[in-house]
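Below is one structure, written out as structure tokens; comments come after it.
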Amino acid sequence: MLRVTIWNENVHERREPSVKRIYPDGMHAPIADGLRRELGDKTSIRVATLADPEHGLTDGVLAETDVLTWWGHAAHDEVSDEVVDRVHARVLAGMGIVVLHSGHKSKIFMRLMGTTCNLRWRSDPGGEREMVWTVNPGHPIASGIPQPIVIPHQEMYGEVFDVPPPDELVFISSFEGGEVFRSGCCYTRGSGRVVYFSPGDQEYPVYHQPEVQRVIANSVRWCGDVSTANDSPIKKLANSPRNWYLNPE
Amino acid sequence: MLRVTIWNENVHERREPSVKRIYPDGMHAPIADGLRRELGDKTSIRVATLADPEHGLTDGVLAETDVLTWWGHAAHDEVSDEVVDRVHARVLAGMGIVVLHSGHKSKIFMRLMGTTCNLRWRSDPGGEREMVWTVNPGHPIASGIPQPIVIPHQEMYGEVFDVPPPDELVFISSFEGGEVFRSGCCYTRGSGRVVYFSPGDQEYPVYHQPEVQRVIANSVRWCGDVSTANDSPIKKLANSPRNWYLNPE
Amino acid sequence: MLRVTIWNENVHERREPSVKRIYPDGMHAPIADGLRRELGDKTSIRVATLADPEHGLTDGVLAETDVLTWWGHAAHDEVSDEVVDRVHARVLAGMGIVVLHSGHKSKIFMRLMGTTCNLRWRSDPGGEREMVWTVNPGHPIASGIPQPIVIPHQEMYGEVFDVPPPDELVFISSFEGGEVFRSGCCYTRGSGRVVYFSPGDQEYPVYHQPEVQRVIANSVRWCGDVSTANDSPIKKLANSPRNWYLNPE
Amino acid sequence: MLRVTIWNENVHERREPSVKRIYPDGMHAPIADGLRRELGDKTSIRVATLADPEHGLTDGVLAETDVLTWWGHAAHDEVSDEVVDRVHARVLAGMGIVVLHSGHKSKIFMRLMGTTCNLRWRSDPGGEREMVWTVNPGHPIASGIPQPIVIPHQEMYGEVFDVPPPDELVFISSFEGGEVFRSGCCYTRGSGRVVYFSPGDQEYPVYHQPEVQRVIANSVRWCGDVSTANDSPIKKLANSPRNWYLNPE
């Protein structure tokens, strides 16, 4: 059983009619639908949002989460540092995290990357076409994905994307203006896996698109496939943050 | 169902009493036992050896193989180029390959790596202690592996190991003489995954050691977890070796 | 003093008027001009072509070459295997190689990569616009390069490009059709460095474009900056191809 | 002219007689001597310490620093967050940083890595022998380095070392107890380069060893060889930390 927690800031959906129209139940709803369709019974899904106590990410919830997905944008600064510390420690100890779209500027993603995570950006009314190309076709997160995915309307995210060189680069997007973007990046940090996947925006129905849902589901599955050894040394390391060193047994 | 073919040169075992004593049924026997114990019913296992027609690696067998393991040493040159071409094409099209120990100088491994795959070597009577350390503890091939694995008797494989920088480095070994070796290296080539794992020798009972068997089983499982899309563009590319280019549809 | 050998197949230029018009002195001429302008007195330049004895790549020439650039297309198969073996051994021993455009299907590049090096391709009359984006702005081969380089007329090279994941990815291109391509890829193989840079075609004046010349010059300089230790173990390894192993001293 | 700033915590040397005996002028003194010997006239050297105003790392000093070396241990927590922010921004904008030994737990290194940077550790009286093996012999930081470097007395740093997979791994160490450690790790972060090199301790005369000095000098030179383009987009990005996005011109 893979235990997934979908974290959604859930701010735009509540206050902006244009967003509410596209995502009446919040962006987490179609993300959850996609996970259910793609991963089926082997997965349990929980939703947590900014407004929940401790943003819904208590020690208890995190202890029961194998993979966390993260969408945020308007309220990155309102996420408490304590929760960020907690999520960070859990990722290093083996919990996967799938960071979506504007989550590139979330505290947790910048903390994990160690860089600004800035990027080139343009948003024209109505957006522009994004094409998402697979460059690593054997990678599990590309499983069953057409070449390319075409997203009719999107804002533009372009290079330079200030992240560390991905440990595995799976998708590269192009935009109508000719820009390119590393839109599917995989990382290992500690015992945990990190995926950044850029398609998805509150203004466009991107999360209703089945191929996009499938990439997210694939990413969740891949992030959940880490060493299950209880005696993983990195887990001991991560559990003793005060100690610089782990002494040999 | 994961379909595994264990390829074993099977030369030392037949002609050298010292090897026959350790591996009376061939080195493939304990490798198969380990796969059965670790992967269970979800796996079907076939054995192929150098002496079989086409070395047991016909088009038909390869078409029904998801992951191939490879052990060779004394007779690398006797493997036909035609079979190497065939295995190479299948790896690029998505079949996994787990190359073991002296397989570092097999034609197929050198072909996939593009380098000499040479290494530093010493063999003293009785061997010496090898310690295999996990450096990427969340990686699936390190699942359930103690830190370190201790192999009491081994020949020494040391750096410089002339391979491309691994896409993922999981294990590093040390030897009594103080040498180090990148003993668990993961690569993606085309749609296929490649693992090189160095422990294992015909003169020592390394393949009877459960932790070693587990790493091989983990590697087989990891190599088998690639994108299953039938329409993978790389598969089309690999299937048309005469054409330099794949024209867009 | 950096010693560069520009290798050019030099076939299209001699037999096709449309190419001769753009490159009357061969494609090697503007490449050499660019190197001279960018690298100046610190560089000596030699030209070798397919028609020369041993393709101009004798043991003597290679021994005096720090970095080789490679352009081929129509006559890849006419390059002798003996010369390919020789170049391969020299690269592993520390000589840099900069592979250009259609050189992706040269014997030497496929040998070094271990994959098909196939790609997606389209050529419309008049070509289409390519934009070359820097994704690793601190990398030496991106020094002084505008963001993006715009090449007005090009044939399309697109993903999937069947090469190993680059050790460092520096440029990604987009095309008018929306395709993307990893157009600047860096590799280490043995003690040598490899750059693949895709812009450049016999039908378009790409090699007259100063930014393209600058990337090539930067690549030559970067490939030439390898460890100069005479006692490099990999050099010993590469010099003894018959021996699988280097025994410890 | 390469402008280097050697940063040294300089605490142990002032208060512990055992350290003062080995490093009477501070650990920065032999590090500076080595840089002068190896890099000569092309390099200017400045020293800054914890006790200096703003730890000697004012905006002005950093603006005139191409590469910073960092040694800290007892007083990591006393380094002000403001200075860490400043150094971090400068690295992402292209300044190199060479982090030494116990600097693995410095605020700046953990910030850049995004992980705990913990490791396995043992310190026996008198230390033990460390052997530093080159695994990437063509890399500029391995230039002129013997295989292996033998350090007679050291404390043990072992795996798991909780850092991101190095972009380039150059050195691996072994210790008498059989442990291994990735002792020479190279990273690109933003436009800047990062080297972590573990040999060196306040209790042993490691920084007086010429091979160790040479690795540090090589690392400084390598970290200083980044794109010099004034118009690097990442520099603009790094200079505008408040803006999430860089709008296209």
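Chains: A, B, C and D, in written order; residue numbering restarts at 1 for each.
Note that in this section contacts are C-beta pairs under 8 Å (C-beta built on N, C-alpha and C of every residue); 3 or more make two chains touch, one makes a residue touch a chain.
Note that the coordinates shown come from a computational prediction; the quantities given were computed from them, not determined experimentally.
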Quiz prompt | Farthest-lying chain, centroid of Cα atoms versus that of chain A | solution = C
Self-check item: Separation of mean Cα positions, chain B and chain A [Å, integer]
Solution: 33
Quiz item: Tell me, which residues of chain B touch at least two other chains?
Solution: 134, 136-137, 147, 158-160, 165, 167-168, 179, 188, 190, 233-234
Self-check item: Graph class of chain-chain contacts, one of line, ring, star, complete, other
Solution: complete
Quiz item: Which residues, counting only chain D, touch chain A once they are in their complex?
Solution: 92, 105, 111-116, 118-122, 158, 160, 162, 164-165, 167, 177, 179, 187-190, 233-234, 237-238, 241, 243-248
Practice problem: Spell out the residues on chain B that touch chain D in their complex, using ranges where they run on. | Solution: 129, 131, 133-137, 147-148, 158-161, 165, 168-169, 172-174, 176, 178-180, 182
Quiz item: Okay, in this complex, where on chain A does chain B touch?
Solution: 94, 134, 136-140, 142-147, 167-168, 188, 190-193, 225-229, 231-235
